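Think of it as A, B and C in the order they're written, each chain with its own count starting at 1.
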Amino acid sequence: MTDEADLTEVQEAQPLSQTALAARAALSEVAPVPGVAKPDPILIADSIRRNFGGIAAVDVDHLEVQRGSITALIGPNGAGKTTFFNLVTGFDKPSEGEWSFDGRSMHGVSPHKMAALGMVRTFQLTKSLTKLSVIENMKLGATDQRGERWWNGLLPWIWRKQEAEIEERSDELLGRFKLDHMRDEYAGSLSGGQRKLLEMARALMTNPSLVMLDEPMAGVNPALKQSLNRHVRGLRDEGMTVLFVEHDMDMVHDISDWVIVMAEGRLIAEGTPDQISSNPDVIDAYLGSHQGQSLLEDE
Amino acid sequence: MDWSLILSNTFRQMVGTDAMYFAIAALGLNVQFGYTGLLNFGQAGFMAAGGYGLGMTAWYFSISLWWGIPIAIVYALILGLLMGIPTLRLRSDYLAIVTIAAAEIIRLVVRSVRFKEQFGGTDGIGEFAGPFREVGSNLGIEQGNKYGFWVFEYTGRQFWTLIVGWILVAIFGFVVYLLMRSPWGRVLKAIREDEDAVRSLGKNVYSYKMQSLLFGGVVGAFAGMMLALDRGNVQPDNYSRDLTFYILTALVLGGLAKVSGSIVGPMLYWGVYVFIEGVLRGMTSDGPLQIGGVTIIQSTQVGQVQLMMVGAGLIALMTFRPQGLFGNREEMAFDDR
Amino acid sequence: MNVLKSRAVRVVFVLVTLLGVGLGGTSAHAQDSEYFIQAQVKEQQRDENGRPDNQPVVGVTITVTAPDGSEVGSAATDDKGVALIPVPAKGDYVVRLDESTLPEGQTIAATSNAEQVINESTFRTNRQIINFFTGESQRVEQSFFSRAAQRVADGIRFGLIIAMCSVGLSLIFGTTGLTNFAHGEMVTFGAMMAYLLNVRGLAFVSFLAFLPFIDDVGRFHILLATPLAVAIGGGFGYALDRFGFARLRRKGVGLISQMVITVGLSIILKNLFLFFFGGRRKPYRDYTLQEGLNLGPITITPRDLIVMLLSFVVLMAVALTLQLTRLGKATRAVSDNVDLASATGIDTSRVIRQIWVAGGALAALGGVFFGLDEQVGFDMGTQLLFLMFAGITLGGLGSAYGALVGGFAVGLFVETSTLFGVPTELKTAPALLILILVLLVRPQGILGRAQRVG
C-alpha cells in the first residue's frame, strides 16, 4: 500500500536541494585521488588494518568523509566495506590504525559510546527487534533516558514525562517514514523493506551527526527504493552526514555527492559519481571480480 | 492407592514452601534468561549465597540473623560480578559454562573439610532460624499449632515461612512487572533480541547485562534464604547443580518472559512432581512393581523416575512449546538464534 | 516423520533395555543381599578443646576377600566415610583398606590396621561394622620433588583422559555451535556400557564362552568390553544426532533452545544411570587390585601406565586423522566456516553426524579409562564436564587441537594444584580460575581464532 503510493510520488525528477548544492560545491575542488583530504572532514581514518588469519581484509591508508555530504562506499564483494564499517563503529577491533570522529580520537572507544557521540550505524542484515513492537523499537533509540536506570524503572513518575516526549518524537518519525500504521505491530511482522525503514528511523532517534548505512537497499523492492532514496537525501538536508555502503549503482549515482571505491581491502579510487564511473581503475576492479559485468549495471 | 491423599498432597505442595522458593528463584532467573537472554545455569550458586549468608551469621560471624540479609546480598553481588565480568562481553555460552562451573565449585567449597569452620562441611549449618521464627510467634503464630483450611494445613512454623515467602513472591513479582514495563526493561528485552542493535543505539549493553545478572542473582539469594529458613539449616546438597535446571524447567513450564509464568510455573511443577511421586509410591508401596515377573520400578527408584520425567518435560517443552503451557506462540518472547 | 519417530522410539527402547537388563540386575543383587560389611574410615582429629573430632575419609577403596583369597566385593567410601559391601553369608572375611587410595598425606593410624579379620562368631547382626582410622602421615616427609613427580604423573594421566573426553564436545560446538551439557553423561554412558559387559555380562552370549575374553556367564573381559563400549558409545552419539539434534536443526530450533534441551537430556541420562546402576561407585572386574610399580620417584600401577599409553596413542591418532584424512580435513573446514564448507561441496550434515559418532566413541573410551582409574559411578562424567569446559575454553572453543591441548593442560593443572596447598577435595576449583582468566585475557583460547563480526 505504502509502496504503491511512493511509486507514483517519486516519478518526477527531484531538483537538488540547497544543501546538496552546497555539499557538491565544497567537494568540487577536491582532487579525485584515493585518500585525498577534504575541506571539512567529520571522519578521518589513518592506516586502518584488519587481518583475518593472515589476510588483510581492510588496509586503508587514509580516508576522509566530508561533513554534510552523502558519501557512498562501493566496491566488489569481499572488498572489506562492511569490515571497514565494523572497525570504524567499534564493532570490530583493527589490528592497527587510528581514526577520529568530529575531531575526537575513536581508538578504543566502545561502540555504544560512539553511537552516543553521534555516529550511528545500521546493519546489512537488518536488526529489527522482532519481538518488540514498532513503537518500542523507536523509543529504544532515544538517548539519555532517565527510565533506563534500573532503580528509576520502579519510579514511573520520574520518567513518564520524558517517555511521552520520546513517544511523540517516535510517532512523528514513524509518520515521516510511513510506518505509523504499523505502530503497535511486532517489528517481526514488517516486510524486509519496512524493516530497513524502521532501522533507519530508529537510528535517527539517537540524534546522530553521522549516519552510516550498510547496504540500505539490499532486499528492498524497487518501489520502496525511491522512498528510501528520498529519506537518505532528507538526512543530509537536515544537516547530517551520510556514509553508506551500496551495490545498487543507480542509487549511488542518484544521491551521492562523493564516491569512495574499495577493492581487496584497499582504497582504490575517490571522486564524484561521474568521475568514478569513468575511472579505469574502478572498472578494472569490478571486471576482476565480476567477469565483464558493467559497473553501472544493477547487480 | 489412596487418591485423596495423593490429591491433597498435590494441592498442598502447589502452594507449599518448595513452590514458594522456586517461584522466587524463577522470578530472578526470568529476568536473566526470559527477559535478557542470559543463560544463567548457576542460580543454585546465588541461592547458596543467600542460604549461607543467613547461616553464617550465628555460626561464623556470631552476629544477629538479620545481618544475614545484607551479607547474603553482598555475597550474591560478588558472585554475580565474578561470573559476569569475564563472560558478558562474549557469546552467551560462556556465561552458561562459567555459571555452571561456579555453582559447582561453590558447592565443593562449602562442603569441604578445609572450610568446615566457615561453612560447616557436609553437615551444613543449623540453628540460626530462631529469631525469624520468633517474629512469627510474636505475631501469634504458634509453632506447634495447625493453620490453614481444607487440604491446606500447615504447622505454625511452615505457615509463617509460607506467609513471608509468598509475600516476597508478590513483592518481587510486582517489582519485576514494573521494571519490565519501564525503559530499563525495554533495553533488556531488546538485548535478548539483538544486542548489537542495542549497542548501535548507544546503550552500554555490558552494563545492562550485568545489572540483569546481579538483579536476578540477588532475587535468587532471597530464594536461598527462604529455603534455609524453611529447612532451619543450610546444607550444601540442597544447592546442587541440578537445582538450577529444575527451576528452569518450572520457569519454562509457566512461560518465559512473563511474571505470571515464573509464579504459576513452579506451582504447577510441584503439583505435577508430587502427584507423580504419590502415584509411583502408591504403585510400589507393596513391593516392587512387576510386569510379567520383570521388575519395573522399586520404591527406592521413585526419585530417579520423577527427575527423568522432569528432564523429559524440559526437552518436550523446549521442542514443542517453548512459550510454556499457556503462552501464545506468536508472543513467544524467546528468540531463536 | 512417523517412521522416524517410531525408529527413534525403538532405538531409545533398545538402549534403555540394554541398560536395564545389564545394570538393573546388579543393583538388585546388591540390595537383595542380607549381609553387609560396613567399613568406616575416619581421620583422627581433635578439635580446639582436644576432644576427638573424627572426619570421614572419602573415596577409599575397601576390599573384602574370603579366607581362600577370592574377592567377595569391594567399594569406595562415600562422603560419610562409609563403604557398604554385601557378602553372601555370615562367615570369615578379610577386610582390606587400599592404602594407595587414601588422600594425600594420610596413612593408616598406628593404632589401626590396613587389614582386619572378621570371624563368623563376631558377625552377630546382619551388618558387621569395621572401623579404620587414619592420621597425618607418620612417614618421613617426601621431598617436594618426589611429590611433584607423582602429581605430574597423575596429572598427565588425568589430562589425557579429559582431553579424550573433550574432543567431541569441542568439535560438536565447532561444527554446530551447540554447547552440549549432556556430554558428561556420554562419558558415563561409555563407562556404564563397559561395566554392563564386564561385570554383569550378557547371559545370552554365554554360549560363546569358548572364545577368549568371554566367560561362561557371558561376561566380557575388560579388554573386549572396552572396544565394544566404545562402539556402543559411537552408536549413542549417532542416535543422539540422527534422532535428536539433526532433527532439531532441521526444524530450525535455536541454539539456546538446543542447549536447554541438552540440559534436559543430561538430567534424564543421569537419573537413568542412577536408576539402573545405583548410587555407589563400583570397580570393573579386571585389573582392580594391582601393586604399584616404582619408577624412580613415581608409583604407578601397570593398569594406569597402560591406560596412559593407550590414551596417548588414541589422541595422536585423533590428531593425525584430523590432519591427514579427508574426514579430518572436512571436519576442520566445517568447524572453520559451515557456509563456506558446504559451498565447496562438503556434505556438512554428514560431517556433523560423523563428529557425533567419533565424539561419542571417544567420550565412551574416556569414560572406561576414567572408570578403570577411579571406579564407575553414575555421576562420574557430570563431574568431568566442568573440567572439559575449562579445557576446551583454554584450548579454544571449537578447535579440536585446542581440546587436546587444553584438556590435557587442565588435567595436569588440577592434579598438580595440590602441590601448592590446594586441598585434594578442592583440586578442581583452580580450573574455574583458569576458565575465568582465559576468558578475561584471551577469550578465543590458545589455539582459537577471534570470531569475525558482522
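Note that a contact is a pair of C-beta atoms (placed from the backbone, for glycine too) under 8 Å apart; a residue touches a chain by one contact, two chains touch by 3 or more.
From a predicted model like this one, the values you see are computed outputs, not experimental measurements.
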{"item": "Intersection of the contact lists for chain A and chain C", "value": "B"}
{"item": "Chain nearest the global centroid, as defined over all protein CA atoms shown", "value": "B"}
{"item": "Cα-centroid distance, chain A relative to chain C, in whole angstrom", "value": "55"}
{"item": "For chain A paired with chain B, centre-to-centre distance based on mean C-alpha positions, whole Å", "value": "46"}
{"item": "Chain centre separation in whole Å, for chain C relative to chain B (CA means)", "value": "29"}
{"item": "Residue list for chain B, restricted to those that touch at least two other chains", "value": "196, 335"}
{"item": "For chain A, residues contacting two or more additional chains", "value": "91, 123"}
{"item": "Contacts with 2+ other chains: residues of chain C", "value": "454"}
{"item": "Touching residues (chain side chain A, partner chain B) in the complex", "value": "89, 91, 110-113, 115-116, 120-123, 127-132, 136-137, 139-141, 143, 145-150, 152-154, 156, 159, 163, 186, 199, 202-203, 205-206"}
{"item": "Residue ranges of chain B in contact with chain C within the complex", "value": "37, 39, 41, 82, 85-87, 89-94, 96-98, 100-102, 104-105, 108-109, 111-114, 122, 196, 241-242, 245, 248-249, 252, 295, 300-301, 304-305, 307-308, 310-315, 318-319, 322, 334-337"}
{"item": "Contact set on chain B toward chain A in their complex", "value": "175, 178-179, 182-187, 189-190, 192-194, 196-205, 211, 215, 330-333, 335"}
{"item": "Chain B-facing residues of chain C, complex", "value": "24, 28, 31, 55-56, 79-80, 173, 179, 181, 248, 251-261, 263-272, 274-275, 382, 385-386, 389-390, 393, 397, 423, 425-426, 428-429, 431-432, 435-436, 439-440, 443, 451, 454"}
